[in-house]
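What follows is a set of structures to go through.
In what comes next, chain A is part of two complexes: it sits with chain B in the first one and with chain C in the second one.
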Partner chain A sequence: MLRRSLPGVIKLSLRIERRAEPTPRFSIIVTLGMLFFAFLASGLIFQLLGFSALHIYRSFFTTLLSPIMLEEVFRKSTPIILAAIGLCYSYRMGFWNIGAEGQLYMGMIAATGVVVLHSAGYGPGEQLLLPAAVAASLLAGGAWGLIPVILKLRFGANEIITTLMLNYAAILLADFLVHGAWKDPAGYGFAQTVQFPASARISIPGLSDSIAYLALAAVVTALTYLVFKYTVFGFESKIIGLNLYASRYSGLGINSIMIRGVFISGALAGLAGLIVVSGLIGRLRPGASPGYGYHAIIASMLGGLYPVAVLFSSILFGMLLTSGDLLQASIQMPKSGVEIMMAMIFLATIVAEFVKRYRLRLSGSARGVGM
Partner chain B sequence: MEPMTEGLLQNLSPSPSPIPKIEMRGIVKRFPGVLANDNVDFTIYVGEVHALLGENGAGKTTLMNILYGIYTPDAGVIRINGSPVRLRSPRDAIKLGIGMVHQDFRLIEAHTVTENVFLNFDGLGFIPKWSALESRLEEIAANYGWRLNPRARVGDLSPGEKQQVELLKLLVRGADILLLDEPTSVLTPIETKMLFKTMRRMAEEGKSIVLITHKLSEAMSVSDRVTVMRRGRVVLSKPTREATVEELSTAMVGTQIANSLGQEQAGTRSADSAPVLRVSGLSVIGDEGVLAVRDVDLSVNRGEIVGVAGVSGNGQIELVEAIVGLRKPLRGRIVLNGVDVTGASPRKLMELGLTYIPPEGKKWGIVQELSIYENIALRIARYEPYSRMGVINWRRIMEVSEKVVSEFKVDTASIKARASSLSGGNVQRLILGRELTTSKPSLLVAAYPTKGLDIAATDHVKRILMRLRAENVGVLMLSEDLDEILELSDRIVVMYAGRVVGVVRRSEATPELLGLMMSRGVGAGASP
Partner chain C sequence: MTVESLSIVEAILSSAVSAGTIYLIASVGECITERAGVINLGLEGIMAMGAITSFLLTLAYGHLVAIIGAALVGAVFGLLHALLSVSLRLNQIVVGLAITWLGLGLSGFMGAPEVARGLLKALNPSVPEYLAELKQAPRLPEMRMEPLSDVPLLGRTLFSQNALVYFGLASALVLWFILFKTRWGLSLRSVGENPALADTAGINIFAIRYLAVIVGSSLAGVAGAYLFIGYQPFWVEDLTRSRGFIALSLVILSSWSPLRAIAASFLFGGVETLQFRIPLRGFGAETPQLVMMLPYIITIVTLILISLASRGRIPAPAALGKPYSREE
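Then we have the complex of A and B:
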C-alpha cells in the first residue's frame, strides 16, 4: 500500500490503443519507415564492431549499379521470390509454414534424382529431362508440405513444429545422398553430385541466365496475384485465415482448400530448389541453399503477403546477400554481418505490424479516487 | 423451493433498516447499437447477499463491470458509503474494497496457492516471508471452513478450490464488496453448497456480496435481496423472502405480449402441412464432452415458425448446430425435405435449402476485415453465375451486394466499406439480406436473431421472419426473449437440461407457463 498516490499527483501513463484498419498507404509508409530504422540500427551495430557503416550502406546500393552485380542480385533473389510467393499461400490461410527450406531441399533432391537417373542411363531422355526435373521438384516440394498439413488437419499437430522439423529431415536426406549413393564418381572425392547436363539447365534463348530466372519468378508472382484476386480458391483461402468460424458457417471446404494451398506453397519452394540446382550451381552439394527458405519467411512478411510487394522485398534480400559476399571479400566482414541486418529487418517487420494496428498514447491522469 | 440455508436466512432477515454500502443511480451504458444499461438503479446493503438475476444479455455483467471500473458509464452516479466515486479502472475499484471473481479463473496453474494470492501484492518486501503469508491464508481458510492447502499447486486443485483461491485474492486485499459472476457454472452441487455457505458467512461478517446469475433456484436459496434485469433495465428488486419463483421467472423473461406485428397470423396455420424438418431421437455432445442434447424429437412444417424457448445453456445451441451441420450428432436422425441429412456438411445442407442465421453475427456470420461485398461473396463466390471455372465475377457480386444493401436497408456509405464499421443491427441485416437474396430456403434456422439489436433492427428482423412464414418457408427460431417467442411462434418447444420438456401451441402458451417450464423443467401436457 506504499504506492497509494496522493490526490492531485499527476501520473503519466502509456496506453496502447487499437487503430482503425490501416489504409494501404499508411501500411507502406510504416513498413518503409521501419525498414529505415532497421538499416540505421544495424549500421550502428557495424560501427560498434569496427566496420564503417557508411561503407556498408554504399556497398549495399552499389549492388544495383553494376550489371554484373545486378545479375548476381537476380540470381540470389529468384529462389527467395519463389519460396516467398509460395509462403503467401500458406500464411494467408493462417498456416504458419516455416518449412520452405525443407521443401526447397526436397525440390533440389527430386530434380537431382531425375538427372542422376538420366546419367545412369535410366529415366527420361534429353528432350524431357528439364520438364521431368521441373515436375519432380514441384511434386516433391508439394508433397513435403502435405505431411504437416495432413498432420494438422487429422491430429491437430502444430505446423510450426512439424514444418521446422521436416527442414532438418530434408537437409539431412540431401547430405546423406550426396555423401553416399549420389556422389559423383569422377568428383575427386568431393561430396557433390554429377554436373547437370546442358539439357537439364534452365535458360531462355537470347536472355542472360539471371534475367531468365527472374522472368520465371515474375511470371509466378503475376499468376499468384491473379489467383489471389480473381479466383474462388484465392478468395476462400483468405477467408480461412481471417475467420475460421465464418468459414465453417459459410460451408467452405476448409480441408480441401488448406491441402491445396499448402501443396502449392511447398511446390513453389520446390521450384525454388530447382532454380538452385538446375540454374545457380548446376549440381547438388551440401549447403546448396544458404537459407533461401528462411529468408523467404521474412520476405513474405515484409511484403505483407502482397505478391508484388513480396517480389520486391525478396530482391532486397538478394541485394543483402550479394553485398554480404562483397563485404566479405573487400573488408573481411564475416557472413554473419548480413544476418544481423536480416534479423533487424525481421524485427522491424514485426514492429511495423504492431504500429499498423495499435497506437501508443501518452496520457496524464490525476490519480486519487473519489471525493 | 426449499432454501438451502433457511436457518441463516431467517437469522438475518429481520435486520433493522439496512445501511446502503453501494448506490448506483441512473446508470446508462450504450454500446454501438445496444443500450446495455438503461437508467439502472442498484443498491447493495451492508451484510447482504444480493442476487442479480437475468438472462444472458440482460445487462447484469455490464452493470457489474461498471462497478468494477472496467467500463465507465455514459451517465449516472456511484456512491460508496454515501460519497460519490469515480471508477476508472479495476485498480480504483480494488482500492475501494470492491473485488470481482470472473467466470473464468485468472490463476497461474504452475504456482502455489500462496504465490497466486500474493502476486502483485503491495508491501511484500524484496524477499517475502512465505511462511507468515501461508499461515495467514490458513487462518482465513479455517474461518470459512475450507480445506485448502496454501502450499498446493493451483494446477492440482478442483474448480471449487480454485474459486476459493480467487476469493482469497480479494480477501487479503481487504475487499468487503464481492462481485461473483456466475460462480456456480463450473461447480459441482456439493461445491455449490459449500460456496453458498461461504457467502452466508461473509455476509454475517458484514461484507456485501453480489451473486450474478441466471439461475432462479440459486437466487432463491442464498440471497437476502434479489434484483431482476431484463433488456438493460431493472424490472424488479425486493427482499428474496417476499418474492415467488413465478414472479421472478416472469420478470426475467418478460410479461407484456407486444402485439404490433400482425398477431392474428401466429398460431393460425394448421400444423399438419408437410414437415420441412423432422428431427428424431437426436442426442448431441456439447463442448464439455457431456450430452448437451438428449433424445430430442422436433418437427417444423412449411409456413410455420417454431420457437425454441429455454434458459440459455440448456442445449438449444447444440441442437441448432447439429441441425445445420456444424456439430456431429451422437445419435438420431435429421430429415430435411424428406432427405436424411444426419451429419451432412453445412454446404450440403445449404444446397438442400437450409439457411442458417448464426448467433453472434460478428463472429460467425461475417469477416470483419473484409468489405461488405466480399462478405456477400463469402457465401456465393463458388457458385455460378458468380464464378465460372473458379474465376470470380466480381461485377456480378457487386450488383447483388448493392441489391442486398438497398433492399435490406444496411446503413453504409458504400459496399466497399469494411464490415467492421457496421453496427450490430446492420450486421444482422447484412447477414439476413445475403442469405435471403442469394438463396431460396425452404427452412430458415435463426439462432438468437434479435439478440443485442436495438428496437428498429429487432422489428426489421421480426418482419422478415413473418414474411418468410407467409412465403411458406419453415422457420426454427431460438430466442432468449419470451415476448418475442410468444409474438412470432406458431408452436413453442421448451428445452430444459437438453431435453424437450414440452411443445405448446401459441394459443395455449402463457409467459407464466413457459417461464415455469423453462426454469424447472416441468413439462406441459400438450403434445407436439
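Then we have the complex of A and C:
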C-alpha cells in the first residue's frame, strides 16, 4: 500500500478499493485503453533504442491495407488462434499450461511423420493422407499435454515448470529428427524433411489458402464458444477454475475433467502445428514455429479467455508478427522487437485486470495541527 | 586411484561447480523471495537481462561494473514485480511470466548486432563498435585461492574458480545465516508463512516482500551475468535456455534452504555438463539433441522424486503465491 504523509497537517493515503463486478463494456474499454498504453510504452522503448516509433506504428497498420499483407496476417494468425483457443480450456480450469509451443511441435512432428511414412511407401494412401495427418497431430499434441496434467494430479508437480521443460524436449526432438532420420535425402544437405504433397495440404475449393485456414480456426472458435456456454463439461471446467477445493468437495470428477480439458488444449495446439507444416511451410524444419505457442498464451489472456475475443486478439498478434517481418526488411529492426511489444501487451493485460477489479482512492484526513 | 583418473574426476567436479553456479546464485535469491511468500517466475527473463547487461558493460567498462550493473537491472525488474504483485496484488504467476517475457524480448533485442553496436557506442564512445558484433566479451579470470587451490580434488573444484563462484557460495552461506539465525530472517519467514499474524506482530509485510523480491531479482541478474562472463562469454539468442525455470525447481529440491541449494545446484551443474561429456564418448556426436534434452527431463524427474520423497507434503511456505491485503 502506498502512503504519503505531509508532516503534521494532512495524512494522504492511496487506498485500493474493490469495484463492483465490471460490466462487459467497461472491461472492453479498459482493455483497449491499456492496449493503447502498451503501444505508447513500447514505442518509447524502441525510440530509446534507436528506432523510430512512428515508423513502427505506421508499419503495424499497413499490414491491414493491402490484400497481400492481410493474407499474410491471416496465415500467421491461424496457428495462434488455434493454440490460444486451446489454452482457454486449460486456463479456465486454472491449469497453467505454458506448453502450447511444445504441443504444437509434437503436432508438427506427428503430421510430418505421417507424410514421411507415406513418401517411404508405407502408411496411408493419397486419399487418407490429410485425415491421418490431422488425427496424428491432434493426438500427439493432446498426448504431450497429458504428461504435465498427470504429473500434476498424481505428483503435484508444478505444471508451469513441467510444460516448459516439455517444450524444450519437443523442440529438440523435432531438431533431432530433421537433422537425422527424417532429413530429406534430396534436400541438398539442408536440415528439413520432404515437402508435403498436395494431398496432405489443407485447401477449400474456391478459397485462398489463408482464408481457408482462418475459416478452420473460426469454426474451432465457434465450437469452443458453444462448448463453454452450453455443455456440462464447459460449466464444470469453469467451476474447477473458480474454486478447486469446493468443487472437489462437491463431488465433481476433477481428474477426469482436468485430463479432458488439457487434452483438448494440447490437441488444438497440435492442430496449430499441422497448419504450420502442412499449410504455412509445407515441411518440417528447425525453428518451424517462431513461438506461436508462446504468443498464444498472451493472446488468450488478452482475450480474457472469451473465444471470440481471443480470435481477435490472436489476429492482432498476427499483425504484430507480419509488421515485425516488414520492419526487419525495411529498417533492420531485430525480430525480437515484436516480442517486446507482446510483453508490453501482456503487462497491460495484467494491469487492466487490476483496473477492472479495483479503484485507487486518494483520501485525505486531517491530523494534528489546525484543520 | 591413479593420477589420471583423479584428474578426470577433478575435471568433472570442477565443471559441475562452474555450471552449477548459474543455478546457485539464482536459486539462493529465489529462496529468499519465496520464503517471504512471493514466487518470482520472472527469474528467466531477469537472468537474460543480467546476461545482456554484463555483455555490454563488460565491453564498455569491465567486469566489476558489469556485475553491479546486472544486479541493478535485476533490482529494477524486481521492483516492477513487487509493484504489480505486492502493491497491486496481481496474480504472481502472470506477473512473473510477463516479466520473463519482457526480459527475454528486451535482451534478445539488445543483443542483436545492430542494437548492441549503438548501445555500446552510447555507453562508452571510445570502445570500438565492432566488438559488439563479435558477440563476445572477456571471461572472468580464474582466481586461485592459494594455498587451498593446491588441495587435491577440492582445490581445483572449489578454489580455482572465478570470483562469482565464490560470491555464489558466500551468498548462500550468508543468506542462510540471515534467514535462519537472525531476527530479520524470522520476520521474513513469518511473512511467508502467516502474513496476517506477522502483520499483527507489527512486521511491515509490504516492506519485507518488496525487499525479498528485489534481493532475489538482483541475484538473478548476477546469475545472468555469471552465465555470460563467467561461464559462456558468447552471446546467442535464448542464452538462458530455461535455466531460470530450472532454478525455480531447484528451490523446491532444496526445500527453500540456501544451504541445500548449494548441493542441488552443483548436482544440476553436473547434469548440465553431461550434455558435453556424453557426445565425447561417441553417443550423439552428430545429432546431440537427445543428449541436450537431459537437463529438462531430469528436472521433471526431480519434481516427481521430490513428491515421492515428501509423500505429497512439500514444505512450501504456507502463504506462497498469495497476495496479502488487510481487508480480505
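For the reader, a short list of remarks on this structure follows.
Methods note: the second predicted complex is superposed on the first by the 356 of 371 C-alpha atoms of A that agree within 3 Å, B and C clash if a C-alpha of one lies under 4 Å from a C-alpha of the other, contacts with A are read in each partner's own complex, and residues count from 1 in each chain.
FYI, a contact is a pair of C-beta atoms (placed from the backbone, for glycine too) under 8 Å apart; a residue touches a chain by one contact, two chains touch by 3 or more.
Please read these numbers as outputs of a predicted model, since none were measured by experiment.
By the touch criterion defined above, A:215 lies against neither chain B nor chain C after alignment on the C-alpha atoms of chain A. Within the superposed three-chain model, A:249 lies in touch with chain B and out of touch with chain C [touch as defined at top]. Contacts of A:150 after superposition: neither chain B nor chain C is touched. Contacts of A:297 after superposition on the shared chain: chain C is touched, whereas chain B is not. The wider contact with chain A, measured as residues touched, comes from C rather than the other of chain B and chain C. Once chain A of one complex is fitted onto chain A of the other, the partner contacts of A:231 are limited to chain B, with no touch recorded for chain C. After overlaying the two complexes on the shared chain, residue contacts for A:239 are found with chain B alone; chain C is out of touch. Once chain A of one complex is fitted onto chain A of the other, the partner contacts of A:29 are absent, as it touches neither chain B nor chain C.
On chain A, the surface touched by chain B in one complex and the surface touched by chain C in the other have residues 1-2 in common.
Within the complex, the chain A residues that touch chain C are 1-2, 16, 18, 45, 49-50, 96, 98, 151, 155-158, 160-162, 164-166, 168-169, 172-173, 175-176, 179-180, 294, 297-298, 301, 332-340, 342-344, 346-347, 350-351, 353-354, 358.
Against chain B, in their complex, chain A makes its touches with residues 1-4, 21, 230-233, 235-236, 239, 242-243, 245-246, 248-253, 365, 369-371. For chain C in complex with chain A, the residues that touch the partner chain are 41, 84, 87-91, 93-95, 97-98, 101-102, 104-106, 108-110, 112, 114-115, 118-119, 206, 237, 241-242, 245-246, 248-249, 252, 286-287, 289-290, 292-293, 296-297, 299-300, 303-304, 307-308, 312, 314, 325, 327. The touching residues of chain B, when paired with chain A in their complex, are 80, 83-88, 92, 95-96, 122-123, 325-326, 345-350, 356, 358, 363-370, 374, 377-379, 381-382, 387, 390-392, 394, 418, 420.
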